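Below are two complexes that have subunit A in common, paired first with subunit B and then with subunit C.
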Partner chain A sequence: MAYDSASLDKPLETLKAFDWGGDVAAFEPIDAAVIAVHADPAARADLEKRLSALLTAGTSRAAKEYVCRKLSVIGTAASVPTLAALLPDTENSHMARFALERINAAEAGAALRQALGTVQGDLKIGMISSLAGRGDTACIPMLAALLAGDSRTAVAAADALGRIHTPEAVQALTAAGGTSDQAVAAAIVDARLACAESLLKQGKRSEATAIYKSLADAAAAGTTPAAKSTRLAAARGILACLDTTSPS
Partner chain B sequence: MGHHTPARPASAPEGQTTGTRRGFLKGVGAAAAGAVSAPYVITSTALGNASTPPASDRIVMGGIGIGNMGSGDQNAFLGRSDVQYVAVCDVRKKWRDDGKGRVDGKYGNGDCAAYVDFRELLARDDLDAVHIATPDHWHAIMTIAACRSGKDVYLQKPETLTLREGPLMIAAARRYGRVVSGGSQRVLEDYRDIVHPCWAGEIGAIKSVDISVGGPSQPCYLPAQDTPPDIDWDLWLGPAPWEPYNPGRCDGNFGTGGNSWRSYIDYSGGSLTDWGAHHFGGTIFATDLRELQPVKATYHPASADGKQAAYASVSYPNGVDIYHNRPNELRPATPSVVHGGSIQITGDGRAREAKPVPVYKGTGGIYGDFIECVKTRERPFRDIELAVNTMTGPHMIGIAYRLQRSLNWDVAAQQFTGDAEANRLLDRARREPWIL
Partner chain C sequence: MRLFSTQVLAIVTLACLPFSLSQTTAAADAGPQNAVQMTIDFLTRDDANLRAIGLERVRYGLKGQESTQQLAGLLPRLAPARQLELTAALSDRGDRAALPALLALLQSSSDATVRATAVQAVGVLGNASEVAVLTKSLGAADPEKSAARRGLAVVRGAEATALIAAAAKQGDAELRSTLIDVLADRRAVTALPDMVTAAVADDATVRTAAMRAIGKFGGPDQIVGMVKGVLKAAAGGERDDAERALVTVCTQNPRHEQSAAIFIEQFKSADDQTRELLLPALGRVGGAGAIAIVDGLIADTNAAKRKLGLTALSKWPDATVSDRLLDLLGKAQDPDERELLLGALIRIAPLPDNKLNNQQKLELLQKTMTLCTGDEDRRRVLERANAIRLVETLRFVAPYLDDPNLAEPACLSVVELAHHRNLRDSNKEEFTKALDKVLETTKNEELVDRANRYKQGQTWERKKPAGS
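What follows is the complex of A and B.
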């Protein structure tokens, strides 16, 4: 079906005041347009611009949610400013990330990092979650700094570094050193194990072995939480590194 | 992985806890030491008998998500003499109370602990294993958290909600050496009529499969209602987008027509992955595709005259195609085997050598298979890796329907090839403070 911008006038106007329980059938032309613009950059840009314009004050929360879902499929760097403006907003932050996390543009990563530096509490953990989901390497120094922060944020930062698992992430986790916070320590161990697994998959057996041995030593010394499971996981990893027949 | 300290005050266990397993066993030992003065302290239940292992040999279990399917899973484990069931967790008071009641009724005491927040249940160091039967949007976070806390997991199907979750769940299971079994209790039992002829080689090399089952899930815009006091709505939603409470959004019934969470995209893949997990699971087992993932999803658009609805298929690297809702008139004729009106498997008709059908370990169906593997540390019948492979096809089909186009899947990279929009649908942002 060809894209027809004019046919969206009424559905988009109706959408502004949409609330849960409203007639979603009215938005079927918008749903169809999201599919139709796939191979038509000009139409896609038009649709994106019209949807993005609804992410402003005056539209309902449900309408913003609907728009974010659509932008998560067709959004580009052009939508980033309006989505980024919602990141500090407790009600809409998640749905803004819902779109931004999927937009494969440098501007989206930059917006999430910018918000990471300013929002607090659960919203900050949300930024960490989305940056991890994007595999964003530019945020590694910020995550490294957060490892020394409050417990919940530090756990999230460690989890994210494990998801990103680049050499820089390994370095950040190694440099974190010990902590008396058991939850943070456990998350760092898990992240380091994830990094070692990634290195092993890449055939970097010596680097992976170094992480596993370090964790095994720490477990033997009783300086990691859940020493038994850490020791077993590290031993399993060391054996995998020795097994040259295993996939690497 | 979302295993953070709870943001709000921890919910105290409702009901008396049994204490830790070590504490329990220590208690038995102390009682034994004091047997002269108080021999009656050692119960026959603790010591075991001909049909019941002693407490020290039982698998200590808890359950997360104790509603409809969870209660069935709970009963299956609770009925086993080699399981000691000690804790339940559910965000709904009714399910929580009912689940605790079943356990306490079974053991004749009030010891079963009841939790609102799964993180508190997983923090117990006396648990060997948990079963999880929450809505699908919780599966990955809870399974990975359970593995990290040293628990084996029996996880209801469909094991994954997104394609990105599967590899992370497998990694957590392998990292910590945990037994993680998927939970389709029907795959071996209910599909014998297609499993045995296929493994016996009666229809030759498998060429195609036709599965008839409902479609993917839909967005949910049900109206807001007052949140009843017996549900922790924020925790029910968890990593899913915030939406107002509506009973049709969160009911755990087995329908997919709009009055249950199984209908909606934030919590489920719809009938395609719900009943689909059984039909695809049975089919993939029958055709011995469990080790493989599809390499292509093909979208077949509706006919221009509207008489023929759209349908989809996935293609495996060994040449087998599995069709979802292909019109009957387009299906091949014989030779084939069928499972009711829902599955048709077509072979080349050249009989081939029979292979022995894999079976469950232990006794008691898939539940017994899981418990046996917890004891032996073997991989279970529906090991998480096989479960993830199984669910990959339905997820690919769901994305092909959503985008209305065909997709190629790079198994090694776990990405679609040449379709950036499709790759956006590999996963979704989780609501704070949850992280995978």
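What follows is the complex of A and C.
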């Protein structure tokens, strides 16, 4: 089906006042347009512009959520400023991240990093999660710094570094050193194990072994269940690293 | 691997140190030098988590026959409980290189569970070469015997099938019947001619197993032999089973229409005595060819032949004969004949696959109800009604809640219908009213409990039959 911008006038107008539980059938032309613009850059830009325009004040929260879902599919760098403006907004931040996390443009990552430096609390944890979802390596120094911050943020940062699992992320986690906060310590261990597993999958056995060995060393004297779990995970990892006969 | 060898000693020591100081010292002294040795070390530990890590490696890692042999070589050194773990893991590993060690374990172990696990592993990994040892284990007591049966069912290769089929031709009846069951589990098409031969064997156990096996995957080529099997079967349970197998081939298995046609030809060409024996099966097979024969018998002036025809008709597998049954029932004078025909209608009407839709099923059952002359028959109708999941069925059954002689079967059917949430929820008011009436009426505690639950939108779990 060809894209017809004019046919969206009424659905887009209806969308402004849409609330959850309302009839979504009215938006079928928009859903169809999202599919139709797939291989048509000009049409896609037009649709993106019209949808982005609905993210400003005056539209309902449900409408913004709907728009963010569509922009997560067709969005480009052009949508980033509008979406970025929603990041500090408690009500709409998560849906803006939903879109930005999926938009394949460096500007989306930059917007999330920018917000990471300014928002606080749950919103900050959300930024960390979305940056990890993007596999954003540029944020690693910021995440490394957050490992020393408040407990919840540090746990999220450790988890994110584990998900990014590049050598720089490994380095940041290794450099974090000891912490008296058990939740953060556990998150760092989990993240390092995730990095080691990723390295092993890439065939980087010696690098993975180094992480497992370091974890085993650190947990060697521990008597807590967490220490025992770490030793077991490290032992399993070391054995997997030694087994060069099997796919990583 | 050598790259790691020096490092490994240190790593393993570090990794293992905290689990037990004495074990650690032992591990360090033993000096595991590669992944296989480290795995073996883990498999000998008391710590179940460490063993799990080792077993994971046995199952999915350490590729190669040499590793398999090294790992399997640990079996004699382990306690029975550990032998079980490793045997199961080696079986999952799927490498035949473990077979010599598993066979040696089977030779040496007197632990019944270990032997059973070893036998099953031999089946999983083995081929024709292992058929003899598995067959020998069929002579043991359970659990080894059951494991051997499962092992023979999965042992690989056409040659293995041929050896099992050959073994099934000799020996005692119990062994033969077990091997025939194994061949059936293997869907051993090549063994079907042998099974046909076994279907007329002197021993009833062998005959029964053979007919059961052919029933699972036999086809037109086996019908002549199956008919002989039905005729050879002793009256009663064995013949019922044999008939059931023949009917399955003629109504469900691939090319069943062709099988049914051959059966009908066999029936037509048989003498009167043989026909009499085959009639119940003919009725169960059903179909146009069979109905012509049955109609002929029913129309016969000979009372015995008419009775045979009616008996066959009463066993029909679907509702295509419902009009005939209704017609015959309307005209029947003989009480036995009426009973037979009425029973057939009550049975056929709600059958799940009787070629009628639910509305038609209910109409047939309602017609049948009008032909009932006694409460016992009406009770059966009411009990069968709940198989037809319609709100109209509820409306048919509900008035009988007021009849003291029929209230209990009506209560049962109301509750059974209410069991189906979609039906109940979409007709909530009617069901609530009927369930209230059930609560006032029934003396059955289980029905009271169920009715209360359904009224509150709760579920009820049907008790499983004993032994299931």
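Assume the second predicted complex is superposed on the first by the 245 of 248 C-alpha atoms of A that agree within 3 Å, B and C clash if a C-alpha of one lies under 4 Å from a C-alpha of the other, contacts with A are read in each partner's own complex, and residues count from 1 in each chain.
Everything below uses one rule, namely that contacts are C-beta pairs under 8 Å (C-beta built on N, C-alpha and C of every residue); 3 or more make two chains touch, one makes a residue touch a chain.
What you see is a predicted model; the values in this text were computed from it and never measured.
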Check your understanding: So, does A:E207 touch the first partner subunit B, the second partner subunit C, both, or neither?
Key -> neither
Point to revise | Touching partner for A:A221 - first (subunit B), second (subunit C), both, neither | key: second
Check your understanding: In the superposed arrangement, does A:L232 touch subunit B (first), subunit C (second), both or neither?
Key -> both
Check your understanding: Where does A:D190 make contact in the superposed view: on subunit B (first), on subunit C (second), on both, or on neither?
Key -> first
Check your understanding: Thinking of the overlay built on chain A, is A:D46 touched by subunit B (first), by subunit C (second), by both, or by neither?
Key -> neither
Review point. Of subunit B and subunit C, which one contacts the greater number of residues in subunit A?
Key: B
Practice item. Answer with first, second, both or neither: which of subunit B and subunit C does A:L242 touch in the superposed model? Key: second
Check your understanding: Looking at the overlay, what does A:E101 touch: subunit B (first), subunit C (second), both, or neither?
Key -> first
Exercise for review: Check the residue A:D122 against both partner chains and state whether it touches subunit B (first), subunit C (second), both, or neither.
Suggested key: first
Exercise for review: Report for A:D89: first if it touches subunit B alone, second if subunit C alone, otherwise both or neither.
Suggested key: neither
Check your understanding: Of the residues on subunit A, which ones does subunit B touch that subunit C also touches?
Key -> 232, 236
Point to revise | Touching residues on subunit B, where the partner in the complex is subunit A | key: 1, 3-5, 7, 148, 150, 171, 175-177, 219, 221-224, 241-244, 246, 403-405, 420-421, 423-425, 427-436
**Study point:** subunit C-touching residues of subunit A, taken from the complex the two chains share
**Key:** 206, 209, 212-213, 216-217, 219-223, 227-228, 231-232, 234-236, 238-246
Check your understanding: Mind pulling up the subunit C residues that touch subunit A in the complex?
Key -> 1, 3-4, 7-8, 10-12, 14-19, 34-35, 38-39, 42, 49-50, 53-54, 56-57, 60-64, 67
**Study point:** In the complex, subunit A residues that touch subunit B
**Key:** 19-22, 24, 35, 38, 62, 65, 69, 72-74, 91, 93-95, 97-98, 100-102, 104, 122-123, 125-126, 128-130, 132-133, 151-152, 155-156, 159-160, 163, 183, 186-187, 190, 193-194, 197, 226, 229, 232-233, 236
